[in-house]
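Read through the structures below before going on.
What follows is a pair of complexes built around subunit A, which joins subunit B in one and subunit C in the other.
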Partner chain A sequence: MSELPRGVEQAFGVAAAELGLCTAAWLFVRELAQAGGPLLVQKLRDSLGRTFPVLDAVAAQWLDGSSIPVIDPQAVVAACAGSKTVLVVGFEADFFDALLAQLAGVQFRLLRYSPFGVVDWERILTNYDERVGLTDLSDFQRWAGTRSVVLTFLYGAGDHSAHASPAWLRLVGEDVRAQFHSFIGWDVLRQPMYVYPRWLVEVPRSDFSVLA
Partner chain B sequence: MNATQLALSAILLTALVLQALLPALRVLIVLCAAGLACLSSTLLGVGTTHQIMAEVPWDVLILLVALGLLSDIFAHSRLFGLLALHAARWSGARPAAVLLAFAGAMYLVSGLVNNLTALMLVLPILLNLLKLMGVHQRYLSWTLGVVLVACNLGGAATPIGDFPAILLLGSGRMTFAAYLVHAAPPTLFALLILLGIVTLWIRPQRGIDRDPLSARLSVQVMSKLYRNVRLDKRRFAPAAALLLCLLVLWTIVPSSSGVTADLLCWLGVGAVLLVNTHLGERLLRRHVDMEAVLFLLALFVMVAAVRRTGMFASIARQLGALPVSPSIQLVVFLCLAGIMTGIFSAGPSMAALLEVGHSLAQRLPPHAVYVGLALSVCAGSSLFLTAATSGPMAQALTERAELRGGDGEPLRFGFFEFLPAGLLSFSVIQTVALSYAWWNVR
Partner chain C sequence: MHAPNQSCAAFLSDCGKNAAAQIVQATTTPGTLAAIAVASMHHPPVPPHKPHRVPASAVAAFIQHEPIEAMLRPWIAEPGDRALVARCLLDVGPAHHRGANYVLLRLLGMVLDRLGPADADPLKSTASIAIPLRLPPPFASQQPESFFPLKLPTDALLQLATPGSRDVDSMVDCLIDGPPQHALANAAMLCLLEAILARLEASTGATP
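Now for the complex of A and B:
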C-alpha cells in the first residue's frame, strides 16, 4: 500500500483534538508504517508535516528508528509528590493515562481549552473515573493551593524556551504563579520541531519550576 | 360548522400554522393560543378552563416525563456511547456497513428510550467517524437522513418509543402488548425496505473508494477515543431492570385494574431515581424536558376545547359519509395524517387526528386505524427535516462538527440535503401504513 488514506488531514485533526497532537501522531505513524512502511510514513510527513509540525517530528523520529514513543512519567510523578490536585493544561492521552495510573488518590482537573475549536470534553472525561474533572479559564483558581500543581505538555524544550499549548499563555500570569505550588512541563516530543510550530506557542523555560 | 366551532378551530389552526412557520417561538405561540382557547371556550359557553383541563391526558405527560428521565439515566451509564462505538467497530468503517449499523442501532434504541437523548449522544460519534472516513456530501446526506428516519420508525415500533405511540398507550385504546405485536413488524418491514433501496439501488457509498487503510485507521482512532470507556453498571443495572419490569407489567396488568401504564411508570422511574439519589435529584431539577411538556400541554388544551364543540365528531361523521368503502375512508384519513404531520409535526397532528381516529376505530378494526395512524404520523415526521424535533438537532450538530469532503469543501446537512431521503422515506412508510391498514380492514 503506497497511497495515503482519503481525508487523512481531517482524520488527523479529529484525533489530535481529542487525543493530543503527540498521541495522535504516534497512532497515525504506527498505522501507516504497518500498512506501507517508511515510504508511506515519508508521504505522510510530506503531506501533513507543515500543517501539523508535531506529526512531522514524530514521523522523523520513526524514520530515524524510534518505533514507539518514550512515555516515562516518573519525573513528573516525583514532582507531583504530596500534591492533592493537578491542573492539566493541554492534553496528551497516552501520557496523561500513564501519569494517572501512577498517582493514586490525586485529583486531576483538565483545562477546557483547545486550539482545535470545539472539543467534546465530556466525552474525553468518560474515559476516566471521578478523579478526573474539567475546569475553565474562568474558574480554575478554585483548584489553587499549596498542594496544587500545574502540569502542561511540551513539544520540544531547548536551553531557553519550549513549545506549549496556547492555553498555557492564557493561564499563567503573575497572579497565578503565586497560587500554585509548582509548574511542571513534561516534554513529550523530546526533540525540536523542523517546521514552524503551528498550533503551539514558544514559552520561556523559566516558566516551569520542574521540566521533565 | 357553527360559529363556536369556527372560532376554536381557527385558534387551533392558526397556532399550528404559526408554530410551523416560526419554530423558534413555537412554545410561546401554542401557550398563548391555549390561553386564548380557554378564554374563548369560557365566553362561548363551550366549557370552563377547569373542564378543559380535566380533559387533558395527564397520563401521557407523566409517561413522557418519566421515560425521558429513564433515558437520561441510561445516558449517564454511557450506554449510548458504547453502542455507537460497537456499531463503528462492527461496521469496520465500511461506508455501506456504517449506514446499516447506525440505522439498525438507532431503530432498536429509539423503541425503548427517548430518541432525542439517544441521538444527542450517538450522532457526535457518528459524525466523528464520518470525518475520519472522509466521506462526500451525498453519502453524508443519505446516512444522516436514514439514521433520523430509523429513529422515527423505532419510536413508532413500541408504545413507549415516541409521543404518538405514548398517546395511544395513555388513551387506553390499545394495550401495550397489542400495539407492540401489531406495530413492530410493519415498522421493521418499512426499515428493511428503506435500507434495501438505499444501499442496493441509491448506493450513496458510490464514489467513496474502497480504502482498507482509511477504514482501519478510522476504527483504530475510534477505539482510542473510547479506550477506557466502560458501562457504568451502578446506573445501568437498575434502569435496565426497571425497563424490563415495566415491559412485563405493561403487558400483564390490565388497565381496568386501575393500575395504569403511567402509574407503573411513575412509581418505577421514581424508584430508579431514588437508587441514583444525587443524580436523580439533579435530573429532576434540571433535566426534565419542560419544553416538550409545555408544548404538548398547550396542544392538549386547544384540542380539548375544539373537541367540546363537537368538531372532531363532525369531521369523523363527514369522513364516514364519504361515498366510498370504509377501507377507502381509512386510506383518505391516513394520507391526510401523513401530510399534516409533514407540515405541522407529529405532536400537533397526532393530538388532533386521534380524536377522529377514535370514531373510525368504532367502525373498523382498532389496530388497523391506530397502528396505521402511528405509521402515517411516522411517515410525515420523516418527510421534512423540520417535521421531527430530531431533525433540527441533527442539523445543528452537523454544522458544529464542521465536516469537510475529500476536496476540502464544507459538507452540509440541512432541509434540502435531507429532502431526497425524506421523500423516499415518506413514500415507503406511507405505503406500508396504507398496505397495513388495507390488509387488516379487507
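Now for the complex of A and C:
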C-alpha cells in the first residue's frame, strides 16, 4: 500500500474518541507501517498531523525509531496505593488496561465527557468487568473521598505545564481539589508536540499531586 | 485631563449635596449631569482608589508546603493525607487566606518547637470532631473517607466553656463551618494550641 486509505481521518476520529488519542495513534501508525512502511507513516503525519497533534507526535516517534509505546503503570500504581476508587478523566485504552491489571480490588469510574462530542461509552464499558463504571459531571462527587484519586492522561509535560483533555478543566475546580486524596497525571506521550495541540488544553503542572 | 463626567463629579463633590440639588433643579433636560448630581446626593464621594502595593501574583509567593506538611505529621500519619490537608490550607481559596494560614501555622509551630519536646505525647487531644469533606448534599456520606484526615480537637475548648454545654457545641460549629481552608486551618491551629497549652502546663505546672 502506498496511499492512505480513503476515510482514514473519519476512522481515526472514531477510534480516538473510543480508545484515546494516543492509543488510537499507535494503532494507526502500527497498521499503516505494516502496510506501507515509513513512507505511509510520513503520509499519515502530513495528512492528519495538524488535525490530530498526538497522532503527529506518535508518528514522529515511530519515524525516529520507537516502534512501541512506553506503557509503564508502576508510578501510577504506587500513587494509587490504598485507594478504593480511581476516577478517570479522559481515556487511553492501552494505558488504562495496563493499570487495571495492576490494581486488583480498586474500582474505576470513567468520566463520561469527551472533546469529541457523542461517544458510545456503553460500548467502551463492555470491554471491562464490573470494577469499571461510568460517571458524569453531575454525579462524579459520589465517588469523592480521602480514599479516592483522580487520574488523567497527559500528552507531554514540561517543568511548568502539561497538556490534558479539556475534561480535566471541566472537572477540577477548587472545590473538587479539596474532595479527593490526590490528583495523578500520567504522561502517555512523553514528548512535546510539534504542532498546535488541538483538542487539548495546557494546564499547570501544579494541578497534579503526582506526575507519572 | 479629566473627562467631563469626572469633572462634574469632582465639582459636585466640592459643592456638597445642596449644590447638587440646585443643579438638578436647574437642569431642564435629563442627562448625564443630572444623573451625576442625583448619584452624588445619594452616595457621598469616595476617596480615590489606592492600588494594592503587592501584586496578586505575589500575594502568596512565600508559601511553602514542606514545613506545613512536616508540622502536621504528629496528627496525620500518611503523607498523601498530609498533602491533601496542606493543599486545602495553602492552594485553595483566596490568596490572602492561603498566605494567612501559612503565616499563622508556621508561627504557632515555632512557639511549639521553642517549648521543647513533648514528654508523653501531649499532641493528641482526648476528644475530637471529624470534619466532613465539602460535598454536595446528595453525595455526603458517613463513610470515613468522606471526612478530612485532620480532626478538630476539642480539649482546649473546655477551658473556655463548660463541658457538654451548648457553648461548646457552638464553638465547634463555628470552627468546622465554612470552606475547607477555614475549617482545616482552625483544626490545625487548635492542634498546635492544645499542644502548646499541654507543654506549658507540663513545664510550669500551670493549670487553666
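Keep in mind that, in the parts below, the second predicted complex is superposed on the first by the 212 of 212 C-alpha atoms of A that agree within 3 Å, B and C clash if a C-alpha of one lies under 4 Å from a C-alpha of the other, contacts with A are read in each partner's own complex, and residues count from 1 in each chain.
Here is the rule we go by: contacts are C-beta pairs under 8 Å (C-beta built on N, C-alpha and C of every residue); 3 or more make two chains touch, one makes a residue touch a chain.
In this text the structure is predicted, and so the values were computed from the model without any measurement.
Chemist: Between subunit B and subunit C, pick out the one touching the greater number of residues of subunit A.
Modeler: B
Chemist: Where does A:Q74 make contact in the superposed view: on subunit B (first), on subunit C (second), on both, or on neither?
Modeler: It touches nothing on subunit B or subunit C.
Chemist: Looking at A:A15, would you say it contacts subunit B, subunit C, both, or neither? Reply first, second, both or neither.
Modeler: In the superposition, A:A15 contacts subunit B only.
Chemist: Have a look at where A:R147 lands relative to subunit B and subunit C in the superposition and call it first, second, both or neither.
Modeler: Only subunit C is touched by A:R147; subunit B is not.
Chemist: What is the contact status of A:T126 with respect to subunit B (first) and subunit C (second): first, second, both, or neither?
Modeler: First partner only, subunit B.
Chemist: When the two structures are overlaid on chain A, which partner does A:D97 contact: first (subunit B), second (subunit C), both, or neither?
Modeler: Only subunit B; A:D97 stays clear of subunit C.
Chemist: For A:G117, using the defined touch cut-off, is the partner it touches subunit B, subunit C, both, or neither? Pick first, second, both or neither.
Modeler: In the superposed model, A:G117 contacts subunit B only, not subunit C.
Chemist: Which partner does A:E174 reach: the first (subunit B), the second (subunit C), both, or neither?
Modeler: It touches subunit C, and subunit B stays clear.
Chemist: Output the subunit A positions appearing in both contact lists, the one against subunit B and the one against subunit C.
Modeler: none
Chemist: Report the residues of subunit C in contact with subunit A in the complex, numbered from low to high.
Modeler: Counting only subunit C, the residues touching subunit A are 78, 80-81, 83-84, 87-88, 91-93, 133-136, 138-139, 141, 143-149, 179-181.
Chemist: Going by the contact rule at the top, pick out the subunit B residues touching subunit A in the complex.
Modeler: Result: residues 78, 81, 124, 128, 131-135, 208-209, 211-214, 216-218, 220-221, 224-229, 400-406 of subunit B touch subunit A.
Chemist: Applying the document's contact rule, which stretches of subunit A touch subunit C when the two form their complex?
Modeler: For subunit A paired with subunit C, touching residues are 82, 84, 139, 141-142, 144-148, 174-175, 177-182, 206, 209.
Chemist: Name, in rising order, each residue of subunit A that touches subunit B in their complex.
Modeler: Touching subunit B from subunit A are residues 1, 3, 5-8, 10-11, 13-15, 18-19, 23-24, 27-28, 31-32, 35-36, 93, 97, 117-118, 120, 123, 126-128.
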